[in-house]
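See the structures that follow.
Next, two complexes with chain A in common: one pairs it with chain B, the other with chain C.
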Partner chain A sequence: MNTIRTHARHRGHLSNALGIGLLWTIASIVALLFLGIIAYIMWEGVQYLFDPVFYGTREYGIGRELFNTLYLLILSQVLLLPIALGAAIYLTEYARTRALVDAIHFAAETLASVPSLVLGLFGVLIFVSYFGLGTSRIAGALALVCLNLPFALRLFENAITAVPHELREGAYALGATTWHTIWTIVLPSALPDIVTTTILTSNRVIGESAVLLFTMGLFSPANSLTLDWSLPGATLTTHLYNVTGPGAGTTGLSMHQEMIVTAGSAALLITVILLFNIFARVIGHAVSKSLAAE
Partner chain B sequence: MRYPVDTIARTILLLCAVQVVIVILGVFLFLGLKAFNVFGQGATITGFLFDTHWDPMGLGSADGIPAFGAGGLILGSLVITLGSVLIATPLSIGLALFLTDVSSPVLQKIFRPILEVFTGVPSVVIGFYGLVVVVPLLQALVGNLTGNHVTAGYGWGAAIIVLVIMILPTITSISIDALRAVPGSVREASLALGATRWQMMMTTVVPAAAAGLATAVVLGMARAIGETLAVSLVLAGHRVPSWDQPLFNIFFQPNVNITQYIAIDFGESYGAGRDAYFTLAFVLLLTSFIFVVVSRRLSSKKAYL
Partner chain C sequence: MDTTALQAQNVRVTYDGHEALKGVTLDIPRNQITALIGASGSGKSTFLRTLNRMHDVTPSAAMSGSITFNGHNILDKDTDVIELRTKIGMVFQHPVPFPKSTFDNVAYGLRIQGERAPRSRGVVKLLGKRMIDWKKLEASTDRMESTVVQSLKDAALWDEVKERLHLSALRLSGGQKQRLCIARMIAVRPDVLLLDEPCSALDPISTRKIEDLLMKLKEKYTIVIVTHNMQQAKRIADYTGFFHMGELVEFDATKKIFEEAEKQLTRNYVKGYFG
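And now, the complex of A and B:
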């Protein structure tokens, strides 16, 4: 009896050691893989980030694409944030019927799952052709808004629901209307989370590419450095795609220059995303600290 | 609500919220209307799904007769999606278990940000990495075995590796949420009954979180099937490969899938040929819709609430 029990326990310990060892192995491999990829991309491209020609519009410069990315970032965020925040406020503060909230959540979940490329084709049908905007920055921005709307909505909803209910009750007890409570109590309390959400959606705008392929095009004209929203143009990501893939050898760049464009853009994108993440994290920390102080 | 400003605010905000519904209905309506045009121009549904000759612009035939056989593209999407999910699932769930039940809080503090940063890495950057690292590596490894060394390395194999890299963070972070939702008391009960840590995880935590873990896998699949640029760069095919060669060769030679064909050829298409690409997009749309419905079904079946 005793030996059987020792055996059983022994086997348990062996499988436990093996199992935990397996999990450690998986975690180490994945961590090395991820860090390896980021390190590789930085290592290949970081040297070009200190080259002024890289940011210009001549030779292998990506000045136009950089400008397009920033332009698109601002334009799409200006369109997206009010709508997403408004929708989130409605769903959390005003909506009374459960069915409506559920329907909108289902719509948002479905929209969030639509592949970026498919939304791009939808953008071609509706913004480029139906609204007659052509292949342009505004068409690209509108398609991006559709893509980011469910994502921003969910984050904003989380931000607003995280505001303690007592604050609202206090305002209502003092006779404030719903809107007055939202404007003076809820939104200011949720502000840090709202900023974090803005950073996270910006991250997605900068990294997004498939939705822009046909709504904004792959070619940046010579007058790209203007504010005209009817111009087509490539962003950092779509330019990187074009130079690496379908457009390789047709862009008038030498192979070495193509490598500078692709390796440099990849490193620049990673740098920006790292900075945004750190920034979002710092703000998040500031929030949890101020909450802990209360 | 008795005050006008409140009523106005309420109405404007409602309009914002309804936007989401309008957009998704618009997507289904506009793409759906376009998607069926092609069946009035010589395509049949079975032919579309199972034939492998895709030439909607009729460029390949002398008299410009188009061919709408998307079977090869659909097969490509299925193979790389299923392949990548099969590889990524054990890795992701293992990593999630490691982070929730094995590692120390310090390690979690290091790991979580890496995971978050990696979720945000643009797909085209992963594609670039695939092109300059994964493809040459595969070419060096299996190039001589596939018959054609020059083009070896591109194809389903490389696409599966790239997709694994892309969906691993997605599946892991949803799995972590699912595992965290299992109450600590369940773990304690298991340990108190004499289970080892591994037995506790395998017999209690994983079964309790099964629905959540399945949701994670389904959402990973949804991401994999729609992924475009990274996959397109490493597939690099221009036609469906011939099937009378060993399966091994097909995996490591240039190939095609739905998104790659749309990305490369949609821009130059017009008229009836263009409608065929909307049909492809509609297939993707329906597939991801099915994934959403399935994941909602799964996540409503929670063992512990």
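And now, the complex of A and C:
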């Protein structure tokens, strides 16, 4: 009897160990794959990140494209955040009509699964042509808002609904209005998740290409380093695509210079996104700690 | 002075057509502790939440009947719910302080009413961190600061937290958190305190402290407490109401309910035959 039990327990241990071992192996493969890609890109391009010419506007410099990327990042986020956060607050805290909420969710989910190339064409039809904005930074930013809106809306809603209901009731019971409760209790509590969402949408702006090919074009004019939002221009990703893809050999760059642009831009993109993530996490953590007076 | 604080007449509550409260009529005596007992789903919490219109945040809930408070029907459409809740405050089952400092938790309700503390007194910045000198704060004559201090003292919490008023309230123990929730409630000077199972998440020693506190607070406030703990009702309540299946079965002096209740159902419940 005793031996049978020992045996059974032993078998239980074995399958447990096998299961954990299998999961551990899969996790390691995934981690190695990601780290391998990052390491390869950095290995190829990191040397150019210390080259001043690379950041300029002459020869193989990507100064204009880097500026365009940051400009677009700020412009599209400034447009996106109030709309997405406002809509999320309305849907979670105010909306009483279930049908309206469901309709908006359905529309948002449909929009979220539209390929970004299709969204780019939509941007051309609506922002570039119909509103007459032309191939421009503002058209690109608006198209990016359409790309990020469903995504940001759902994440902001999750952030807000994750705030414990007891906190709201506590504020209501002290005579706080719904708006005051949202402003002083709900949003500060949801802030870390709001910051995380902002990082995620920012990363999509930095990394997006298909939408921008149509709405912002591939040519960065000489006056790119100005704040004029009606200018067209390439971002790091669309520039990279152009130099190695359809525009190869036509951009006035030698093959070696094309290689520098490609490898350097890829390494720069990875670095920017990495720094951005670390920075935003540190900020978010610090802000939520100071709000909670910890 | 009128000895009735709240007068409930035929109060009904339905959730999506389901009747949770089937016409409750009850007078809640002023400056006394009234306990509401009954099994889960008996309607006692539902009734408590009608008293300061907390059902308003649940869109599916519908109320009828009347609850008279200071000569006005609380359930009227034109009742200023925000104003009402500063007069009839509520403390909940789970002690959930706001993710702010202890001081800011108690000051929250006062700030809603437009009170502002002078930054210079009591509160000082030290090495970039907000510190609060409790001696200065205690001596402060500012309305808001003195109200915060008094509320913490009334909630029997001052001595335990005065050294760390600037630190997060989330660091307090469960019992301290619940007393903080009581302190932030009484800071807005309500007439009535509603407590929805305030001790069910607390250990016996913390429970004892809250009970002692409530016994003291009834001098200033009318207290209505929902409890699952019949011993608690017996210990602190002057009056007890027994709810069953959405109806108020019996309401009387606590001693009467527990020793010689009129109804068989009440006698069975207080003896622990069901519930």
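What we mean here is this: the second predicted complex is superposed on the first by the 242 of 294 C-alpha atoms of A that agree within 3 Å, B and C clash if a C-alpha of one lies under 4 Å from a C-alpha of the other, contacts with A are read in each partner's own complex, and residues count from 1 in each chain.
Following the convention adopted for this analysis, contacts are C-beta pairs under 8 Å (C-beta built on N, C-alpha and C of every residue); 3 or more make two chains touch, one makes a residue touch a chain.
What you see is a predicted model, and the numbers here were worked out from it, not measured in a lab.
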Figure out whether A:T201 sits in contact with chain B (first) or chain C (second), or with both, or with neither.
-> neither
Hey, is it chain B or chain C that touches more of chain A?
-> B
Return first, second, both or neither, reflecting whether A:E169 touches chain B, chain C, both chains, or no partner chain.
-> second
Kindly classify A:T177 by the partners it touches after superposition: chain B alone (first), chain C alone (second), both, or neither?
-> both
Counting only touches as set out at the top, which of chain B and chain C does A:N148 meet: first, second, both, neither?
-> neither
Now for A:L22: first (chain B), second (chain C), both, or neither, which partner does it touch?
-> first
Contacts of A:S220 with chain B and chain C, given as first, second, both or neither = neither
Do chain B and chain C land on any of the same chain A residues, and which?
-> 177, 180
Given the complex with chain A, which residues does chain C contribute to the contact?
-> 52, 54, 57, 59, 82-83, 85-86, 89-92, 94, 96-101, 104, 108-109, 112-113, 130, 166-171, 181, 184-185, 188
Which bits of chain A are touching chain B when the two form their complex?
-> 12-13, 15-16, 18-20, 22-24, 26-27, 29-31, 33-35, 37-38, 40-41, 44, 82-87, 89-91, 94-95, 103-104, 106-111, 113-119, 121-122, 125-126, 130, 146, 149-150, 153, 177-180, 182, 203-204, 206-210, 213-214, 218, 237-238, 240-241, 244-246, 262, 266, 269-270, 273-274, 276-277, 281
Per the touch rule above, chain A residues touching chain C in the complex are 96, 164, 166-177, 180, 184-185, 188-189, 291-294
In the complex with chain A, residue positions of chain B that touch it = 1-3, 5-6, 9-10, 12-21, 23-27, 30-31, 34, 90-91, 94-95, 97-99, 102-103, 111, 113-118, 120-129, 131-133, 165, 168, 195-199, 201-202, 219, 222, 225-229, 232-233, 236, 259, 262-264, 266-267, 277-278, 281, 284-285, 288-289, 291-292, 296
